[in-house]
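All chains are identified by letter, namely A, B, C and D, in their written order; residue positions are counted from 1 within each chain.
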Amino acid sequence: MSDIEKAIAGDEPSLVPYVTAGDPEPEATAEYVEALAAGGADVIELGMPFSEPIADGPTIQNAIQRALAAGTTPERFFEIVETLDVDVPLVCMTYYNLLYQYGDRKEGSDYERLRPFVRRAAEAGISGLIIPDLPVDESDPLREACDEFGVDLIFVVAPTTTDERLEAMRERVSGFVYVQARLGTTGAQADVSDATHESLARLAEWSVPKAVGFGVSEREHAEEIVATGADGVVAGSVFVDIVAEGDADEGTVAERLEAKAAELKAGALDGADERSGKVTDGAR
Amino acid sequence: MSDIEKAIAGDEPSLVPYVTAGDPEPEATAEYVEALAAGGADVIELGMPFSEPIADGPTIQNAIQRALAAGTTPERFFEIVETLDVDVPLVCMTYYNLLYQYGDRKEGSDYERLRPFVRRAAEAGISGLIIPDLPVDESDPLREACDEFGVDLIFVVAPTTTDERLEAMRERVSGFVYVQARLGTTGAQADVSDATHESLARLAEWSVPKAVGFGVSEREHAEEIVATGADGVVAGSVFVDIVAEGDADEGTVAERLEAKAAELKAGALDGADERSGKVTDGAR
Amino acid sequence: TKFGEYGGQYVPEVLMPAIEELTDAYERYVLENEDGFMDEFRERLADFGGRPTPLQRADQLSERYDADVYLKREDLLHGGAHKLNNALGQVLLAKYMGKERIVAETGAGQHGTATAMAAAHLDMPCEIYMGRRDINRQRPNVFRMRLNGAEVVPVTVGRGTLKEAINETMREWATSVEDTHYVIGSIVGPHPFPRMVRDFQAVIGEEAREQIQDKAGRLPDSVVACAGGGSNTMGAFHEFVPDAEDGDTTLFAVEAGGEGLFVDEDEGVAPHSASLSSGDEGVLHGARTKLLQDADGQIVESHSVSSGLDYAGVGPELSYLVDEGHVTPVSVDDDAALEGFHRLSQVEGIIPALESAHAVAFLEQQLGPDGVPAGTAERDLGDVIVLNLSGRGDKDLESAIEETEKRDIDAAPDMGVFHE
Amino acid sequence: TKFGEYGGQYVPEVLMPAIEELTDAYERYVLENEDGFMDEFRERLADFGGRPTPLQRADQLSERYDADVYLKREDLLHGGAHKLNNALGQVLLAKYMGKERIVAETGAGQHGTATAMAAAHLDMPCEIYMGRRDINRQRPNVFRMRLNGAEVVPVTVGRGTLKEAINETMREWATSVEDTHYVIGSIVGPHPFPRMVRDFQAVIGEEAREQIQDKAGRLPDSVVACAGGGSNTMGAFHEFVPDAEDGDTTLFAVEAGGEGLFVDEDEGVAPHSASLSSGDEGVLHGARTKLLQDADGQIVESHSVSSGLDYAGVGPELSYLVDEGHVTPVSVDDDAALEGFHRLSQVEGIIPALESAHAVAFLEQQLGPDGVPAGTAERDLGDVIVLNLSGRGDKDLESAIEETEKRDIDAAPDMGVFHE
């Protein structure tokens, strides 16, 4: 069982927050990550900025643009990761082309071209990868490199994913499965779809833990997701919004990140209680 | 022999100046016509303004536009003519549509529709008509009306006119034949083409006198034309320009019209002398 | 040289030889196909111009009007309108005649651009006379002419619009007839222009008559075309005139009703361009025809939201066919034309020229849910309708939007957010 | 799903079912003509689009280059460019699939206008995503889309240009895949788009291959087409690929050389769009292909005087055919393209799109009096050349004139007096 799997599948429901590394500048990221950990994050997703983020909504697109403008190259990303002083596992979310082009080698098999990235990621302290534009059918070379360096490869399951594709993912996934709660790309929205329940039901027999995301911004969302049966809650845009707003009267970015993480974590805990039958403050 | 024919074919070479009636306003025309007569004009051409003067150059187009803007309708034109106190024959130059639409009768044969205009013209004191957009092939109805009321119908001969068309004109022309000295529409230009000589040669046997125009603005032009064998000189734009300039330090419009007419007349007289063998001041 | 009493050659004597030379060339090359002129013309029309143009069934208009409406797609011709048929024919004829230079006048610039294209294609020097004011109003078309290598000569006399440009081109032609051909843009002017331009444009109706019989299995009940000078009109109608004489097909010439069919004698203005519907016989620009004039015979200023229809005269042949009862003149006003512009754009995905939008509007006027059928027109439109879509509307975007904003046009999209 | 190692389906999981559904529909309707789909498509392309487009011998270019130069006149297609072939195919396919709504992205607006036309023609609601900055730069195309009834959705994220519009359309599609089809505008994106768009565009080459054999009596020595994303390129080439494999015909893909074939890593900018000539393999917008990127794999900003070629990637099939040696990538720079624009306008009477002007410029570069032939290209162009004239230049008038004024272009006319 990998670190990530342990962190998510533990006794408590888990929180997986996301921020874009290097947003608004590389120097800021360490403080933000530490704040999220302090707020109760169990695993932290760090976005490595790519110029064409087709799976991300406007909020994260803008964060990525800020990070790129501030010079957050893949190498700089790894340097940031190396400086982090947190004891939660870190997941790198980025796009396939950055893995493919990493390093000096510009030819060879996919496996050979992906290896340098995965090795560097493992060395820097990355425990897992989410590559939203890499379909499971194309993932074997990366899977092989991840296995070699002990890095988890996390897949996203959508409400529309076919059974056949689910089976292909089940054979290859590790760490956790990222359940997309509704159609669309990333972005904070007020509702969490009923589709969550259905999606989780389809994954009931899977051995890896399930974290549900896309649209989580409030304590109640987290509670509902966990009550529905998820092992963890993924939230991104809500944290990126805090970074985008900057320090404010209500607190510094770090303070507000920590508070939001704590809020969502509390929601998740409420959801777990609810699932196990206890009525909590947050339950309606 | 009509008045016009007599005036042009007399012993002296003749001058046929043109102004647009009603330019710049109907009240001005009488003074200008009298000035031209005083300057030595033998026949005076009066333009009746038509909205689409396709045979006229920019100078006369603008004069026509001024006259129209000042309210110079065909009826007003005739009223102007009626007030004139000159003893030279007057020719009306205008376009076919104004003849065709004159009067209340809006149907019938061409002859029936043209008759009212010609009768009114004759009554007002017009001795001849020049209708530059009426080709000789279409002119019989107007010829008939002109004959009825004793009005001359003058045709324009161009350097390019075919022998066949010349013959048709010869059969129908009266008053004088208007010889276009060069290709183009009306307008003052510095040169008078060699084509004049050639054109006159083609008309040598005609019984009506020949007046040559298009581009006459200086004494030398008139001289050259008459020396070449013409009975008269037609000049338009040079007089219209004087009207357009208005009263000036060098004299009123009427004074300058008279002076220019006298200059051209003198040139014509020089030309006649030259033709009969005498050397004059103006000869080169 | 005439159509009944219409037509003729009412031009200054200096132009007569050129017109006689042209008449001779027209008879030999066009009518008798001497030296294979017509073969070359048709081949160039196909390869350079894009003929044949389709006859397309307009599915949504057909449903709306419960009739089979077919569009003759002259908008797809090179240059974006039927104008090229004529310009190419005349420039080629000038070449056969040994002329070395082309002049033409243009108002909105459509005929000028077509002539410039044809002249470039056939390697003929070309000068386009255009009123100064029109040059300023029609910059994209000026650019197109210049890009095609034509000289654009500004005409500054008078108001600087089409009629001054016509006068100036006539004048220029008069000084250069020996080596120069004047490409008149419509079925107007002295003989042989009305007949010759019609013959060059007749390919529209020739194709359409064959195509409709292929597609509908029979002759159309009606053919509808907008009419300004009338070249697209006669082009579409010519082949159907015998059918009209036989009573099989009704030919509707849709004129620009502008803001109403009257003449303001005091101002010398007609707020429309409906010479066939409301004009009187007279002589203009070399031909006897129906035209808009005041009681004295002065030509009045016409008006239309569509600059291509904005002309006080009309081709003499159309005047004749109207008098003979073979062509039915009708009109739609500016508002209706704009609505037709928007309707066709939205329901068929074709942005029509504002000229052609008049023909579209006539269907709505007669057959639409709120239509006001005039006389027997509704009945005569029948079940199978051919509408000549004479040109595309790209040239009209700005003015159509501007004119739309002045009015309350039901079908119009909201441009507010995009229009600065 | 691939062409050799290129292509694939590198998209978020949420889009996979839509892509699988589309793949299934593509195979049934397009490849197997189920329910007569391809018959209806071809019929609509003919009647609505104006196919076949002519293959015209360009007399004056032929003389200049001492070769038979033929122009495939896609500029005459409805809308003014080859784009409609694809847009009509996809909107019709969406209808066969039971979709109720169309979304598309557009940069300069050409694909958006073609899609809006096709959607209006087929009565499908349509939303076009367009960057805010592009909306302001391309107003006439915005008007055309709106007139055709499409919603134009401004994308304000980032710089407000094409790539943000693509992201936003993908995102929109991800939330509405069940009833919505995303009409991709070129042979890019995940399978089946590159193959399907190529099949819709292949009609260009199918016609041209037949036409050239009719006219020249044999296969061409070369086919020349500009290449941005590459849809007109593959459309022109596809039917000739077997001839290229046999060594009979050389296929030249002319890329936008912009201001030079390099990448400024510091600025993240490539002052050109020549992915085939100078790009490296990578993954962009759903497909593995050659693209312009920095050493890290970040996509750089491309550049071309022609907005339709201004794209950092290229269709995966072209990448494959280049590697296999069946397509020869070449490039001409901005200046040469502008000169090509003016040359064709003046000597053939056809104002080309700035995209297509690149193909014209390649002939001059290789065969012109001051040409600088590259490698064997001059020889390979041969005696019979087919040049795909992918679109007309009306959309480019203002920018072509503006760009010309910045430079010293020999062939350009003086616009000073008309350009305020």
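As a convention for this text, a residue touches a chain if its C-beta (ideal position, glycine included) is under 8 Å from a C-beta of that chain, and two chains touch if they have at least 3 such contacts.
Computed from a prediction, not measured in an experiment: that's the story for all the values here.
Q: Could you work out which chain's C-alpha centre is the most distant one from the centre of chain D?
A: Result for the farthest chain: B.
Q: Roughly how far is chain B from chain D, centre to centre by C-alpha average, rounded to an integer in Å?
A: 66
Q: Please report how many Å separate the Cα centroid of chain C from that of chain D, as a whole number.
A: One centre to the other, that is 34 Å.
Q: Please tell me the distance, in whole Å, between the geometric centres of chain A and chain B computed from their C-alpha atoms.
A: The computed centroid separation for chain A versus chain B comes out at 97 Å.
Q: Can you list the residues of chain D that touch 2 or more other chains?
A: none
Q: So what shape is it, when you link every pair of chains that touch: line, ring, star, complete or other?
A: line
Q: All pairs of touching chains, please: list them by chain label.
A: The list of touching pairs comes to A-D, B-C, C-D.
Q: Note which residues of chain A are touching chain D in the complex, please.
A: Residue list for chain A touching chain D: 50-58, 61-62, 65, 68, 73-75, 95-102, 106, 132-138, 155-162, 165, 180, 182-185.
Q: Which positions of chain C touch chain D when the two form their complex?
A: Residue list for chain C touching chain D: 46-48, 50, 53-57, 60, 73, 75-78, 80, 116-123, 135, 139-140, 142-144, 146-149, 152, 154, 342, 345-351, 393-394, 397-398, 400-401, 413-415, 417-420.
Q: Per the contact definition, I'd like the list of chain C residues that touch chain B in the complex.
A: It comes out as residues 8-14, 16-18, 20, 157-158, 163-164, 166-168, 170-171, 174-178, 268, 280, 282-286, 293, 295-300.
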